[in-house]
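The structures come next, written out as C-alpha cells.
Look for chain A in each of the two complexes below; its partner is chain B in the first and chain C in the second.
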Partner chain A sequence: MHRRNSLMLLVLAFTLIVSVLPATAQSPVEVTLWHMEQPPHRVERIQMLMDEFNAANPDIIVSQEPQNWGEIYTKAPAAVAAGNAPEMLFAIPDFTPILKDLGQLQNVADFISTLDEAHSFYPAAVAPYSYDEGVWAVPLYNMVQSLWFRNSVFEEAGITPPTTWEEWLAAAEALTTDGQYGIGVPANRQLYTDQTIYNLMINAGADEIYNSDGTLRFSNDATVAAYDFYSQLYQFSPPDSPNWTWGEAEACFANRTCAMIMQFTVITTYDTQAEGDPEDLGVVAIPAPADAENPGAISYANGVMFLTDDPAKLEASQRFIAWLMEPENYGRFLNMEPGLFLPVTEDGAEAESFWNDPLVVKYRSQVETMVANSASGRLFGFTNGNTFPSISAISAQNLLAQTLQLIVIDGTAAADAVAEGQSLMEEAISG
Partner chain B sequence: MSLVVRRTLLAVAVVLLMFLVVAPFYWIFISSVKLPPEIIASTPTLFPQSFTTQHYDNLLGGSPFLPYLGNSLVVALGTMIITVILSTLAAYGLYRLRFPGRRLLFRVILITYAFPGVLLLIPLYGLLSDVGMIDTLWALIVVDVTLAAPFATWMLQAFFRTIPMELEEAAALDGATRLGVIVRILLPLAAPGVASIAIFAFITSWTEYMFASVLIISDANRTLPVGLAGIIGQYQIDWGLLMAGATMTTLPVLLLFALVGRNFVEGLTAGAVK
Partner chain C sequence: MSASTAQPRRRGVGTPRWLGYAFVLPLMLWLAATILVPLAQSVALSFQNVRVIGTPGEFVGFANYTRLFESERFWEAFGRSLIWVLGNAALQTVLAFAAALILKQNFPGQKVARIWIILSWIVPTVVVVIIWRWLLSASGGIVNYALVALGITQEPIGFFSTGDGAFASVIAINSWRWFPFQAVILLAALQRIPSELYEAASVDGASTLQKFASITLPGLQSVLFVMGLIGTLMSFNVFDVIWLLTAGGPSSATTTLPVLIYDTGFRQFRLSQAAAISVVTGVFLLLFALVFMRFAAPPSDDGEEERL
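Now for the complex of A and B:
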C-alpha cells in the first residue's frame, strides 16, 4: 500500500512537472528598439526604463540599439530589405513614408485609440502620422521651436519681446549694436534652416506645401512674404550664419553675440555654458504678422514605428510603449533631455515625473511656454492630411533652405526664388 | 642670394608650414581643456584662460568612447595587416610574374575607385547580411581592405620597380624560394613603400564613416567616427566633449606615424648610403 502510494505520488509529481515545463521553458519574447537618441545620458535613461520594464515583465526582453539620424534613412530600409529590421524604430513624420513604402510598417490606429482613451493625445502630435487611412507611428515626444532671448537685453534696449513681424524686425534692428547681432538666423542648406524658414511660412499662412490632390502649392504670395521677411531679418544676423546648424546658433546665443534665436530649446546650453539665470531667460512664441489667422511654429512629434508583423513581438512591443506612456514613467522618459522633449499627451503634461526634474523645476515657466507653443505646432508636408510620400524627397534635399539661399546668398528676388524652389521640388518628387 | 638669406627664407617657409599643420591640432587641444564658456566665447583665446579636465572625464568615464576606440583599433590594425600582405603579393605578382592580361589587370585594379562608395552600400549590406556578417568588425575589415588594397597595390609596385632584378636573381641562385625573395629581399628594400601603404590602409580604415555607420548596428561594435558623431548629439553640441574626442582620436594616428615614420626615414637614409 505504502509502495503504491509512493508510486502514485511520483506519477503525480511527474505529471505536475511536465504540465509546468512548457510554461517555464518558454523563452521570453525579445524585441529591439532602434532610436536616434545617441548622447550617453539619453541612452542611459532609456536603458534604466527598459531594465525596470524587463524586471516587471519577465516574459519580455526589450533591448535598445542607438542609431544616428544621419544614416538611419539608408540603414533602416537596408535592414528591412535584408530581413533584420528591429521591431520598434523611432521616427519623425517625414521618415514614416519611406518605411511605409516598403510595406513593413504596421498601422497603429487601434493601439493609438487605446492609448488615447487612457492618456489623451494632443491632436497636433497624432496628425502628422495620420494619412492613407491609417496611423503609422505612436507619437512619443514633441519638440517645438520658440523665440529665445534675454529679458535684460530687451530691458536695456527699452523694448518688449516681439509678437508681430513689425515688432520683431524693429527689435532685431534695435538690438544690433557693437559686438551684438539682433538675431541669429541660419542660411545653411540644412535641416535647421528648413525649420526656421518654415516657422515664418506658417505665420504667413503658407504652411501647406501640397494641395489635396498632391500637386505642390509652394509658390504663392504667402510663401514669398515669408521668404522676403526672413531675408530682412537676415541682415541683422552674424556673417557666419550661412554655415550654421543648431549648435552654432546656441553658442551664438550663449556667448551673447546673438540677442535672439529661433530654437527648440537653449535651456541646457544656457544653464551650463552661460549665466544660467532662469529669471533672465526669455521665451515667446514665434512672432507672426498682425493679421495672422493661425500662427504656430514648426514642431516635430517624434514617434515610434512598429516594423514587425509577428503577433507576439508586436504585442510585446506595444506593451512596452504602453508602459512607457504611463505618467509615472513618461516624465522620466521625456527628461532624458530635460527642457527639450515635451509631452504629447494631456496626462503626460501634468505628470509629476515630468515636472519634478531639477532642470525643469528651475526653468518651469520657460518649459510651460514651450508646452503651450507645441499645441499649435506643425510640420511641412504633414498638415491637414495633405501628406504624400514625396515629401521625403523635398525634406531630404533641404529644398526650403536651398530656396532661401537663392535669396540671401545669390541675391535672387524672393518671388523668383520661390518659383524656382517649386521647380526644384517638382523635379525632386518626379524622380 | 646669400646663404644666410636662403636659410632664413627656408626657415620662414618651414615655420609657416609647421604653423599650418600644427595650428588645428593646437586649437583642438587647447579647446579641450577650456571651461565651456571660454570655448564658445565670442572672442577666442589663443592661450587658455581656464583649465579643466572635465571633458576628458566625461569622455572616458561617461561615454562609450573606450569601446569605440578598441573597435577602431581592431578594424584599422586588421585592415592594415591584411592590406599589406595582399598588396605586397599582388604588387609582386603584377610586376614580376608574366601572365596573359597582366597589363590589363594592373590598369583595371584602380577602376574600383571610379565607383562612388554609396552606390555599393545597399548591395553590400544585402551581401553581408546573407553571409551573416552584418554588425561584425570583420565586415568592416573586409570592406576597408577592398577600399585600401587597390591603391596600395598600385603604389607598392612603383617601389618594386626601383629594385634591380639582379638582386632577386642572385637570391634565387643562392636557393631562395619566390616567397623567400619577397620576404628577405624585396620587403626590406621596399620598407618605405610598405610603411606608406601601412599608414594609408590604417588611416583609410580609421576615418571610414559611411560603411561603418550602416553595416554596424549595435553600440558594442561601433567604431570611433560613428560613435563620436553620436556622442556629440544633433540639436545640442557639447563642444568640450567634441574637442576632447577629436584630440583622443588623433592620438593613435600620431603614435603610428611616430613608430612607422621612423622606419620610413631609416629606409630612405639606408638607401642613400648604399
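Now for the complex of A and C:
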C-alpha cells in the first residue's frame, strides 16, 4: 500500500512539474494549409512534400486539410470570423478580395520580392494578386484551358481539328453520332461554366468585363456573340451538361461519349481510365472567329494566402512555401497532377523535377502545347493590367454561368440574357 | 398486485415544487442558448447591412425588408416553396398510405418488409443524393439505360437539365426519402383502430370505401393532424436534398426559400438580407402553425378541439 502511494505521489509530482513548465521555445511551430486539391493522388503528393519538409525542419510542423471549391467561399470567411482560420489557404485571384475585407490577409509583397530574386516570377502570375498597394497571395501554379480531342475520331470523320468557330461548330455537328456527342460543354451555375464561356468571350473580343473606370461593359455585341455561339455548341452536348463540373466533362471524354471538351487537362484521366495513347490525344488552342484579333483562353495562377499575423507562424509558413518553390521540389509539387499545373517561375519552367515526371515525359507535346496556350491566357476581372476586386462578388455568384442558363435553360435570347446578366452583376457589386 | 398498489401516485406528493423546475432548467437553458440567442441575432442582423460574415455592419432599419418584398426572386422562391410543400405532401401521403395499408396486411415476409421500408429514411442524405444522381444520370445512369433499352425514349433524359424536370425530380426523390417515416407512423395508428369496428361494419354490409371513410380516416385524424403540421414545417425547411442535387438550379428552378437564404448569405455575401428572409420565413411558418392548429385540430374525445 505504501509503495502504491509513493508511486501515486511520484506521478502527481511529475504531472505538476510538466504542467507548470512554460511552452518551451523548442516546441515546433504548427501551421496548417487548406487547399482545394482533393483528388487522393494530389493529397498524397502534398503530404509527401510536407513530410520531407517537416523532417528537414524539426522546428516546424506543416499539416494539410483538403477543402472543396464549392464550399470554401463560405467556409473560409466563417473560419476567419470564428478565429479558426488556417495559416495558409490556396486561392485563385478573385478569392483574395473576400478575405482581404476581413482584415486577416497578410501582404506578401516583401516575401514575393525575395522569391522573385531567387526564381523570377512571370509578371502575369503576380499581377492578379497585386492591388490596393499590396500583394495578397504567392502564385504557385498556372492553369490554362485548351480543346481536347482524339486524333483518330477526327480522322475517322474526315475532318481536321478546328481553329475557327465555323469549323468548330461543323466539327461538333459532324461528330455527333449514335452514342457520341460532338462536344461536351457545361451549363451548370458553377466555376467550370464561368471558365468555358469566358474562353469564348475572349475569342469574341469580350474579355474585358469592366471599363477602365470600373463600370461594367459586360453587355455588348461581342459578349452576345460569344453566348450565342456557346448555345449553338450546347445543342451537341449531353443532356446532363447543366449539372456538370470538371469531373463529369473529363469522364465524358474518357469514356468516349464526348468527342471534344474544353478543359485544363485530361492527361491523368485519359492515361488511367482511357486508352492512354499519347499519339492519339489531341490538344489545340480554343478555336476563335476567323477575324479574332487577340485570341486566347482562360488562364490564371493559383496561389497561397497567409492568414496569420503571428510572427512565428507566418515565418514558418513562408519557410515552407520558399522550400516548395525550390526547383528540386517545385516540379514534384506541380506534378501532383501531371500536365495540369504549369510553372509560374522561370527556373521552375526549366526544372528537371517538372519535365522528368514519367507522365510529363509521355505527354510532353501536349504539355508544351498547354504551356504555349498559357502565353495568351486571361482571367475575367484581371485583364490589361487592371484589377477589379469587385469581380469576387461576380465570380462567387457564378454570374457568367447564370447568364448562360438564361439562354440554354430558360430560352431567353442571347442579347436579353446578356443585358440581364449585366444588371445582375451591377446588383452584385453594389453596396 | 392489489388494487390499492395499482393506483397511480399523486404527482408532487413529497417532492418540492422547485425540484421539477430544476430538472427542466438545464434543458431550457440549452434551448435558449441554441435557439433564442441565434434567433435574436438573426433579427438584429436583419436590421443591419452586413455582407460577409465577420465584417461589421450599420443599422439600416427596414431597408432589407423593403428590398425583400420588392424582390422578384423572393416571391418566386416563396411560390416554389409552396409548390414544394404541396407536391411533397401529396406524393408522400399517397405513398405512405399505400405502404401502411399494405404493411398492415398479413403476408409472408411482413416483418422484413416493415424493417426494409425504413431503409431509405435511415440512409444519410448525401448517400441518397449520390445514389439518385447515378441512377438518373444521362451518361450511364441505369434509369436512362432502361428507358432507351425498352424503347420508351430514344435518347437519355436529362432529369435535372430543365427547370420543371429538375423540380419534379427533386420532389420525387425527397418524397421517396421521407414517405417511409410517415408510413410507419400511419401503420402504428392503423393498428390502434379496433378490428371489431371493421368486423361490425362488414356485418352491416359496409363496402371497403365506406369502411375507409367512416372508420379508418376518423381513426387517423389525430395522427394526420400532427403529420400535417410537423410534416409541413419540416418539408418547408428542407435544404440538404435540394442543395446537394441541384444547388437551386438549373436557372433557379429549384430555389426554394431555404436555398435562397443560403444563396443570399453565402454566395451573394449579403448576410443581413439573408437574415431578413429567414425572419420573414420564420414568421410565415409561425402564422401557418397557429392557423393550422386553430382550424385543423381534430375534436378530442370529449368533443372539444384538441390543443397542442
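The working rule: the second predicted complex is superposed on the first by the 398 of 431 C-alpha atoms of A that agree within 3 Å, B and C clash if a C-alpha of one lies under 4 Å from a C-alpha of the other, contacts with A are read in each partner's own complex, and residues count from 1 in each chain.
Criterion: a residue touches a chain if its C-beta (ideal position, glycine included) is under 8 Å from a C-beta of that chain, and two chains touch if they have at least 3 such contacts.
Here the structure is a predicted model, which means the values were calculated and not measured.
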(request) Determine, under the contact definition given at the top, whether A:Ala274 touches first (chain B), second (chain C), both, or neither. (result) first
(message) Tell me the contact category for A:Trp69 with respect to chain B and chain C: first, second, both or neither.
(response) first
(request) With the two complexes superposed on chain A, say which partner A:Phe53 touches: chain B (first), chain C (second), both, or neither. (result) neither
(request) Using the touch definition from the top, say if A:Ala78 reaches chain B (first), chain C (second), both or neither. (result) both
(request) May I ask you to decide whether A:Asn188 touches chain B, chain C, both, or neither, giving the answer as first, second, both or neither? (result) second
(message) Quick check on the superposed pair: does A:Thr257 touch chain B, chain C, both, or neither? Answer first, second, both or neither.
(response) both
(message) Touch test for A:Leu102: chain B only (first), chain C only (second), both, or neither?
(response) second
(request) Enumerate the residues of chain A that count as touching chain B in its complex and touching chain C in the other. (result) 74, 77-78, 81-82, 251, 255, 257
(request) Give every residue of chain B touching chain A within the complex, in rising order. (result) 36-37, 39-42, 62-64, 121-122, 125-126, 129-130, 134, 210, 213-214, 217-219, 226, 229-239
(request) Would you pull the chain A residues touching chain C in the complex into a rising list? (result) 73-74, 77-78, 80-82, 98, 101-102, 187-190, 238-243, 248, 251-252, 255, 257, 393, 396-398, 402, 405-406, 409-410, 428, 431
(message) Which stretch or stretches of chain A touch chain B in the complex?
(response) 34, 36, 38-41, 43, 65-71, 74-75, 77-79, 81-84, 143, 179, 246-247, 250-251, 254-257, 264-265, 268-269, 272-274, 337, 340
(request) Quick one: which bits of chain C touch chain A in the complex? Just the residue numbers, please. (result) 49, 52-55, 133, 137-140, 155-158, 160-163, 246-251, 253, 266-269
